[in-house]
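Same chain, two partners: subunit A is paired with subunit B first, then with subunit C.
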Partner chain A sequence: MTPSPASAPLLALDGLRKVFPGGAVAVDDVSLTVGEGETLAVVGESGCGKTTLTRLLLRLLEPTSGTVRFEGRDLTALAPGRLRDVRARMQVVLQDPYSSMNPRMRVVDIVGEPLVTHDPQARGRRNRARTAERVGELLESVGLDAAMRDRYPHEFSGGQRQRISIARAIALHPRLVVLDEPTSALDVSVQARVLDLLAELQQRLGLTYVFVSHNLAVVRQVADRVAVMRGGRLVELGGAAQVFTEPAHPYTRQLLDAVPVPDPRAARRGRTATEAAG
Partner chain B sequence: MTQPRPNTPHSPAASAPPGHSDPLLEIRGLSVDFVLESSVVHAVRGVDLRVGAGETLAVVGESGSGKSATALSVLRLNPQPPCVYAAGEIRFDGQDLLRAGERELGRVRGAGVAMVFQDPMTSLDPLQRVGPQVAEALRHHRGTSRGQARTAALAALEEVGIPEPERRYRQFPHELSGGLRQRVMIAAALVVRPRVLIADEPTTALDVTVQRQILDLLVDLQRRHGMAVVLITHDLGVVAETADRVAVMHRGEVVETGSVLDVFDRPADDYTRRLLAATPRLETV
Partner chain C sequence: MTDSTTTGATASSAPGAGAAGASRTGVLYSLLRNRLAVCALVFLVLAAAAAVFAPLIVPHDPAHQDLLVRLRPPAWQSGGSAEHLLGTDQLGRDLLARVLYGTRVSLLVGAGAALLAGLVGTVVGLSSGYLGGWLDRVLMRLADVQLAFPAILLALAIVGFLGSGLWYVILVLGFTGWVAYARVVRSEVLSLRTRDFVTEARAIGVTDATIMRRHLLPNVLAPLATIGTLHVATAIVAEASLSYLGLGVPKETVTWGGMLSDGQLYLGTAWWVAVFPGVALMLTSLAINITGDALRDVADPKAYRR
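Take a look at the complex of A and B:
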């Protein structure tokens, strides 16, 4: 998880701005870079623009102004055909994998879909067995059983479904994976295992993560650097240790203070202190 | 304030912590089944819980642990069918709520036990202004006059920290933020001065800074009114910050119960230990 500052950043956003019809400014002049192999967390409360930011950097939305550079190329200026090539190397995992899976497709087709879309050799009946085999490998790499490829999404638990969507995301050997609240719908014990899996895959495959979350305790665990957003703007950007221990912006401090601490003694100390002050 | 009511029907069981008052609400051996077409789900299996006046009991567990089904059982709010209250009793104010008639249960719902849910948008009527919805509980359960109910509702909105209560009173639910809507729900629960407040994941749908405000509000209101609070949550942080005692539920059973300090310091059950270990923390070790 060590960033390599020497090389050019894998992803660079510059002056990114998105104004929706009607005048709502969802993302306002955001500039940041993400280095190869690092995890940048984007945190903020609902409506802060973090989801819009991910849609912009994946170029699922057109920015009003500003640029998104991935592997040194400006995505906003890329022709559709070239964009498709680039998209193989930037993938996304969403909060609720169930809503992004066709319930009538078997896992082999869900995970195999990007292979078939991007690789002509994976198409056709003759290559079906090969695709199925590759899907089996992918399922095993996310801690599932290869035989599960013949099942349907509803046969899986929430944690297993998130593993399936991770398998699909890594099918094309991406360099960047955008994780948009990947564990927010999961129980805490399941969340812990999915986070472990994400860390292991990052190590093994040299992935770069943009990790969007409202959960600061989770971010503390996974992030190398943290970007704090509020009202579409980037209010703070820094190394995780620094942001969590010495936040520069009062809003970051406010966010951190609001997190319920799973330590009853600390909680009681805090309350007594507040009452003494008030 | 925490004086036990003289007519409390049961003396505390031998396992009650020393010095603890009689429970205001006591659940004994509760089993709840959901009878489906081809199977029966034993959602709650022999659960014992108790909470005294002025005390906050947190019921913590993951999805499917039976914590919400337990909470909903108190006012018999689980949908019947498919729900069947298979065994046990729920003692409040000298009666067993599982066997109480609809009239008595209505009285308890109106004045004895109030509930706050996760998503206020689904419990508020979207077509009605919020103020009258807060006042309605009083009119319905107490027969309070329109004018007096309005005054009491305005006072309740103010008490839960809603700015400009006069203006908010006339607004519709969609005109309020999530945090304000949850405050309205809390006002609606408190306007009848319940002795027990059951809050089922009251802050789960809220942003963290708003969650902080609502938790502080609940703690403050509880202290002011000496209510018994049952807080259903999946978040051990919320437990640590609000509860006196905690019951950990797993697969329909209470696997561990005790004071918050004891359970966090010395978890006796393996599942509790795993839950604590899996909870991400802000401070790194």
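Take a look at the complex of A and C:
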């Protein structure tokens, strides 16, 4: 499974708009595409509509107008049964590793949930052993021990929980994984290892990522392309290298300037670069 | 002392139970550390055993009348005999036998009503809270209507209309008690449904019914158990009230409420006729309440790892 050259985009949003009851416009006229195998980062400050955008593209929220096309099909017009089939190929990892797992379920059931939901072969008592084995493999593929499947979420650290979430997300060999701030609740060192894991899985499984983050340092590390949002609108969209070196929109430049750079020499270089660009 | 009992308890429940057993042991362990709750639990177990094995404990038939020994005082009072440990009532029936047999009706009504109300209330609360929309509005208005009626008054009206009988009492008390469950479950579900694990389940494509069963129900069981326990006590008292008023179960069935209403006439001359069923009623509902409170204290999954 190598990323094929993007003939038709895997995901295409067109004129997507979400107005909540009460009149708040969370997402305003967003159009973008995500090609197979690439990582699109969505950045912006909290409240800019990033999270609403992910809920819309996962079809967990009903858009006020606009369309979401996944694999060429319009999700907003899909019948519930067909939508369920599509959900097997788009998965999500959420920000908070402490609330993203049912505290009363064991890891084997948490990671096995997508399998049980979409694969009749994994359901029922007779198939429990096989599902457990598959969960063990998945845990090992995210760097955890297969024996951990019998434990409860509260027995794990934040980084381990996020690995469990990732194992669940890749259980069905999805094409698209939406990562909603997957590392922002983690320590920097743990964060780096989770990012490495994500990159490795992308390579190995040919995954396409929509990576939502407010942390530009992280985005710089993972993104092929970057979408900058502000107040529900898309203010800039472009290749990562281009957005980081020559931001076109003043807001993007502000965001970039706000990133603390740990190395003073690099900081000086960065500053001259932005000054030269501006 | 605590060390040895702890290891003993863990070891005995560990085999074959794995991690699930460990968490349940936690709840049980915390419950056992509460001395008062242990006393209450022991009392309830004894009461249940007494209800089941009543014929083995007392030789007397609770309905057998012997007018020659009317209103005999308890054994330790002058005039009492070991034959009737708690004395006899106005028809010469053995009070100990009647109190023990009365436990059957009380526990049956209490548990039956609580289970029925819990079932109805949980289904209503889950669907109301999770599905929301017009269903939620309709169900919650229904709950308001239900609450606006005093339950005991409604029970009175229905029993008066349908006629009395053990199963009618259970049905009536069950169907008038669902609101408490529904409201608590609904409010829990309202906060649970915004949690990430529910969002992820939806994103995976898990159906609403499965989400309610797999993700929501297990997380509302703790408050449910608490309300359920307390409701058992309420239902027992309500049944006694109905029986006291003569609207509960038929006269031939032995109930504490019926005994209370018989005994009040003799309070001045033979206090024991009313006092013993009254004490049984009070102790039982007290024990259930204590257990319910203790259950609420330990039911929080994080609280028992202190």
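Throughout what follows, the second predicted complex is superposed on the first by the 257 of 278 C-alpha atoms of A that agree within 3 Å, B and C clash if a C-alpha of one lies under 4 Å from a C-alpha of the other, contacts with A are read in each partner's own complex, and residues count from 1 in each chain.
Keep this in mind: a residue touches a chain if its C-beta (ideal position, glycine included) is under 8 Å from a C-beta of that chain, and two chains touch if they have at least 3 such contacts.
Bear in mind the structure is a predicted one, so any value in this text is a computation, not a measurement.
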Fit or clash between subunit C and subunit B when superposed on subunit A: fit
Touching partner for A:E113 - first (subunit B), second (subunit C), both, neither: second
Touching partner for A:F244 - first (subunit B), second (subunit C), both, neither: first
Partner chain(s) touched by A:H154 [first = subunit B, second = subunit C, both, neither]: second
Contacts of A:D96 with subunit B and subunit C, given as first, second, both or neither: second
Touched partner set for A:L58, first subunit B, second subunit C, both or neither: second
First, second, both or neither for A:L216, with subunit B first and subunit C second: first
Arrangement angle, subunit B at one end, subunit C at the other, subunit A at the vertex (C-alpha, nearest 10°): 80
Lowest C-alpha to C-alpha distance for subunit C against subunit B (Å): 6
Residue ranges of subunit A in contact with subunit C within the complex: 55, 58, 60, 83-85, 87-88, 90-92, 94-96, 99-106, 113-114, 117-118, 150-152, 154, 165, 168, 178
In the complex with subunit A, residue positions of subunit C that touch it: 18-20, 23, 195-197, 199-207, 210, 214-215, 218-219, 301-302
Interface residues, subunit B side, partner subunit A - complex: 62-63, 178, 207-212, 215, 219, 234-241, 260-261, 264, 274-284
Subunit B partner contacts - residues on subunit A that touch it in the complex: 45-46, 187-192, 195, 214-218, 220-221, 244, 254-267, 270-271
